[in-house]
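Both complexes shown next keep chain A, but they swap its partner, so chain B is in the first and chain C is in the second.
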Partner chain A sequence: MRILWNEMKKILTWKSLLLLLIINCILYFFLIDFYIKHFPNGRPALDSYRIGIEMIEKYGTSMNDEEFQDFRKVYEARVEEADRYLQTEKVAVSEGIDTYAKFNSYDWSSASKEAGELRDRLFFEEGTDLFWELQERNRLIGFYDGKKMYPSDITPAQKQRYEELAKEGIFGTYPEVAIRNFQDYITNVAVAILFSVVAVISPMILEDRTRHVVPLQYTSKKGRNVLKTKLLASFLSTLLVITSLLVIYLSLYSLNDTSVYFNVRINSFIGNESWYNPTFLQYILFTIGGIYLVGIAFGLAAMGFSTIVPNTLTLLGVQIPFVAGFLIFALNRIITFPMNMWFPKWQMPVFYGLLLLSSMFFVWYVNRREKKMDITI
Partner chain B sequence: MRIVLLECKKVIMSPVIIGLFFLFTAFNLLVIFNSSDHKDELKIVNEIIDTYGREITPSSLELLKKDIQNDLLELEQLTGKRYDSVYDFLEGLDVEAYERYSDKEKTFITQLQLKEMYESTASSIDENYAKIDVEKLGHTSLEMYKISGPAAKTYLAENEKFAKRFDDMIQNEEHKEWFFAGKAYKMHTYLFNNIFLQMMIEILLLVVLSTAFLATYEFEQRSHLVAFSTRRGRKLMKDKLAASLATAVAISALVLGSTLGVFFMVFDYSHVWETSISSAFNWEYNFPNVAWWDITVGQFLLASIGVLFIGVLLISVLTFAISILIKNSYVTFFVVAAGFILLYMLPSFMPHSSNLLFVAGYTLPTLLMAISGLFMGSSGMIFFKNFEWVTIGVWTAITIIALFISFRRFAKLDIQ
Partner chain C sequence: MIVVKDVCKRYGDFTALEDISLEFSNGLYGLLAPNGAGKTTLIKMLATLISPSSGEIQYNGENIVAMDQRYRELLGFLPQQFGFYKNYSPAQYLFYLAALKGISKQQAQVKIDELLAKVALSDVKHKKMKKFSGGMIQRVGIAQALLNDPKILILDEPTAGLDPKERARFRHLLTDLARDRLVIISTHIVSDIESIANEIIMIKNKRLLYKDSVEQICETLRDAVYETTVDFSQLDEFRKRFVLLSEKQEYGKMIVRFIHKGEKEEGWIPVQPQLEDVFLYEYQDEMVEEL
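Then we have the complex of A and B:
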């Protein structure tokens, strides 16, 4: 126990914690900050977010045709409001856009200067949300009207899934701002955590060897088993790093205030057809699990490399292709869109399985190697 | 000299560096081959340049139009109907009917289609350039970036200079030269942004790794007590610096050579080297690429490679200086990486009303990450005419000072 504690202290030195801080600060400003500071990102994303909340509060987390009829009525009422508003505008009347329908079908590319100014005023200056809101409601209704359509060039499995969803009456109805924002946010958090784990875990075991501590340790009662303790210490440190970073990043995420959406099932968000149908909250938890898995896999790999490479050049050089390969080929598939129907259904579990199994096998191999290795100095 | 060579050998013979080099090259080639669908379509430009000359003059354009008319006559014989443009013909054509034509006829149709595309772009050059009002665009981008105060003044002053250059450019007819159609293929962005950026990151990774490795080798291998007590002593560091620079040059040359070599084998640039980089065909997004100087595509490529080499060498020396101070290659790697990103982001931390906003852009990372926009007056916040040489000058000075400080410190360092 005491050795384990001391080994962990060797990993989490103030130097490596400082490194952790630097990496996370920089990646925070480089990748993550945007999705907190700019949520919802401008218009009509803000209206989308608001209307989504209104829908959930009024109709619950799923909508049937009847409820949607009511939603349409609200839209029509708002359109009338817009009509009345436009009729009070002199420019609108003289340009022939005195109703919202005319306003919408107006040819803006050849608009007169006054009409353009009016439009800018309505959208940007007057502080009314009406026109943005109408635009967004119109879009939502458009999606609902086209809910039964799906792309023609799809695999049989995808087609079956579409039919299944249609049979259960699950369609993309709710605005997707919240879930899109979460997907972007958590992907970048995963990148930051991945770099943090690799940077913190990698050096320790190698450092012992370059300092020629290992031959000394071999002569102790614990002997070769000390590697097991080091691996365990690295593993615990990995968990510690992932957990503490996740706590920080998720509390930052709570600033986005998306909890109203937590009970909506992910297939109910627009353009988000998925193989599984958890609620948004369950989906968040699943993604967090995924981050743990990825973090642990790369932590294990880092320990393994640290045990066998001769110097830091090799330690870093060997891990670059793995990390880059993961970022380029796998990140999108298992963290951003783990359940999405664009990808085959088997892909996500297979990727996770391969990642974890290969890294576990690697550590097992490294450990076995240690037991049989010749001791030379 | 022998010591330098032996130091180089430590890196060059290292299996990791060799392995990474091959992996990176393989990845680059994969990217190139994956996006080479249109490589045959590009060849039409070579034919056009061969037949009508590099410059687009009214008479040569007239000649091209005449040839297109002849081709349309041929199309009439092929289809039995008169079309004003091959696009009219293609519009009314379904896939099955198209499949009935022989391969030769298909090539003919595609060629004609491409010729018409180039011809129509060339004919509308004057019209499109007349629409551009650089000074007005300057004000628009100020609004877009929300720049005000002294910064806005600086921006507008430079923009005015650029407006003049833009007019000169039109006067010289630099834009009336044939190049691959920018809107369709975006070859400038593809080569100087995608491929160069990729190579830059790969080279920097290799160079920073190897430099940090060399500089801290004796300390990390615990051979410092022996190495620094020899007759060569602490001067060994100078050999190591020379070795780092030599390997940096070697790595850059190898990565550039292999990737660009294959790139230019896949994409035939042989006829467009002499074309001006400000060509109207090099218009990919909202604004055409317009350089501050009258430079050709070939010169632009050489200049980009030059900037890359200088930048990589400076980064190598900076890494070396930091390594001496930190004495740990692992930490050095992350410090350099963090510093690089931090400097790259520097402008985003600056107030949008102060000139600091632009000053913060004069950094090495910004220079190295913006190859496709270098020497251009159309590259947003770094469009200043003096951007390249001032950045390189300032950072050479900073690098030399940093190196001097760390060598001085090393000379007095308590080695234990």
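Then we have the complex of A and C:
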């Protein structure tokens, strides 16, 4: 236990914590901050968010046709309100857009100056939510009306899944603003965590070799078994780093106030057809699990490389292609959209399995190699 | 007792050591050879850091690799390059190594104070080692090797970086330690071990050359070491004819110490061979190559 604690202290030094802070500050301000500061991002995203909450509070986490009829009635009532509003506007009357239907079908590309000014005033100056809201309600109704349509160029498995969802009455009904925001947010959080883990874990084992401490460790009573303790210390430090960063980033995420959406199932969000159908909260937890898995896999890989390469530069050089490859080819598939129907169903479990197994095998290999290796430094 | 049995070490096509057989019992052994002769390879094999390509090393009849931690428990080791964490203090670092050596915190506390006093580092026990001189670092290295009160103490170039006063103190320390344990010191500095080693081991051309007492090794050059005075003008010629061991300028002439196995000439004074003479004589080729 004392040895383990000593090894952990060697990883989590002030220097490494400072590095962690710098990496996360940079990545937070460049990648993450936007999804907190600008949520919902403008109009009609704000209206989408509000209408979504209204739908959940009024109809619950799923909607049947009857409930949607009620939603339609609300829309119609709001349209009438817009009609009354437009009829009080002289410009609207003179331009022939005195109802919302006419306002919507008006040719805005060749609009008169007055009409343009009226539209700008309604949308941007007077701060009325009504016209933004109507746009969004109209969009949601549009999606509901086309709920049974699905793309033609899909695989038999995707087609089968669409049919299953339709049979169970699960359609993309609720606005996707909250889940999209989470997907974007957590993807960038995953990038920050991945870089943090690699940066913090990589140097420790290598440093013992470059500082010529290994001969002293390996000739002590503990001997070469110290590598196992180092690997365990690295693993626990990886968990600690991931957990601490997740606590911080998820606390920041809580500022987006999306908890109302937590019980909505992910297939009920527009454009979010998935192979599985957990609730939004379960999906969040799954993604967190995914981040742990990716973090642990890269932590293990960093430990492995750290045992083999001769110096820090090589250590960074070796890991860059792996990290870059993951960000380019796998991040979207296993963190952003792990269950999305646009990727084959087997892909997510296979990716996770391969990632974990290959890094575990790598660590097993370096541990075995170290047991017999001549220490010539 | 440690027995090295027909040990060879090869790295691919390169042979570092060949057919080395040795026996060590309690006492102080000096492993003397020029740099690159294979001292560190042998030392590392004794410390289980390197495995022999063939042959084996036994402690009390048991293979040291198979003994695993039972052997390492008996071992104190100072490598040629003593590694440390520069932001650690000697006390912190010794506590770290004490944990690896399986020494309890309470025992370590007492032992660390005692050892730091022994190597004259008590005043700086809480200072970061990044500010230490080479000699101070080496003294920390010596202290760590003694932490577990080892039965077998192996020191690879332990006097590197020590000043003459520290070397003298170190020699005294080793003499005390060697009374009831096995101490093996690898060095290329003859004076480090000449006066204290029970036996000297010399390796040449990857093979064991000598394993004997200083006196017996010196006997090999009996009646072959001389001193004489030579004119500067004759010095080059003299160097070509004889193996010169040392040259000293005095009153405008050179007093040379040299080896000649044959008839003595007039003006040559026979002198008692020293270990350094044997060292310089045996490794003259390596030294020319090094130059």
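Please note the rule applied: the second predicted complex is superposed on the first by the 376 of 377 C-alpha atoms of A that agree within 3 Å, B and C clash if a C-alpha of one lies under 4 Å from a C-alpha of the other, contacts with A are read in each partner's own complex, and residues count from 1 in each chain.
Heads up, the rule we're going with is that a residue touches a chain if its C-beta (ideal position, glycine included) is under 8 Å from a C-beta of that chain, and two chains touch if they have at least 3 such contacts.
Values in this document were obtained by computation on a predicted structure and should not be read as measured data.
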Once chain A of both complexes is superposed, is A:317 in touch with chain B (first), chain C (second), both, or neither?
first
Go through the superposed model and pick first if A:202 touches only chain B, second if only chain C, both, or neither.
first
Regarding the shared-chain residue A:212, is it in contact with chain B (first), chain C (second), both, or neither?
both
Identify the partner contact of A:30: answer first if only chain B is touched, second if only chain C is, both if each is, neither if none is.
first
Does the superposition put A:372 against chain B (first), chain C (second), both, or neither?
second
Can you give me the overlap between the chain B contact set and the chain C contact set on chain A?
211-212
Quick one: which bits of chain C touch chain A in the complex? Just the residue numbers, please.
44, 47-51, 68-69, 72-73, 75, 77, 79, 81-85, 87, 96-97, 99-102, 105, 144, 148
Residues on chain B engaged by chain A in the complex (per definition of touch):
11, 14-17, 19-20, 23, 205, 209-210, 212-213, 220-222, 328-331, 333-335, 338, 341-342, 345, 348
Footprint of chain C on chain A - complex, ascending
2-3, 6, 10, 13, 208, 211-223, 226, 372, 374-377
So in the complex, the part of chain A that touches chain B is made up of which residues?
15, 19, 22-23, 26, 29-30, 199, 202-203, 210-212, 311-318, 320-321
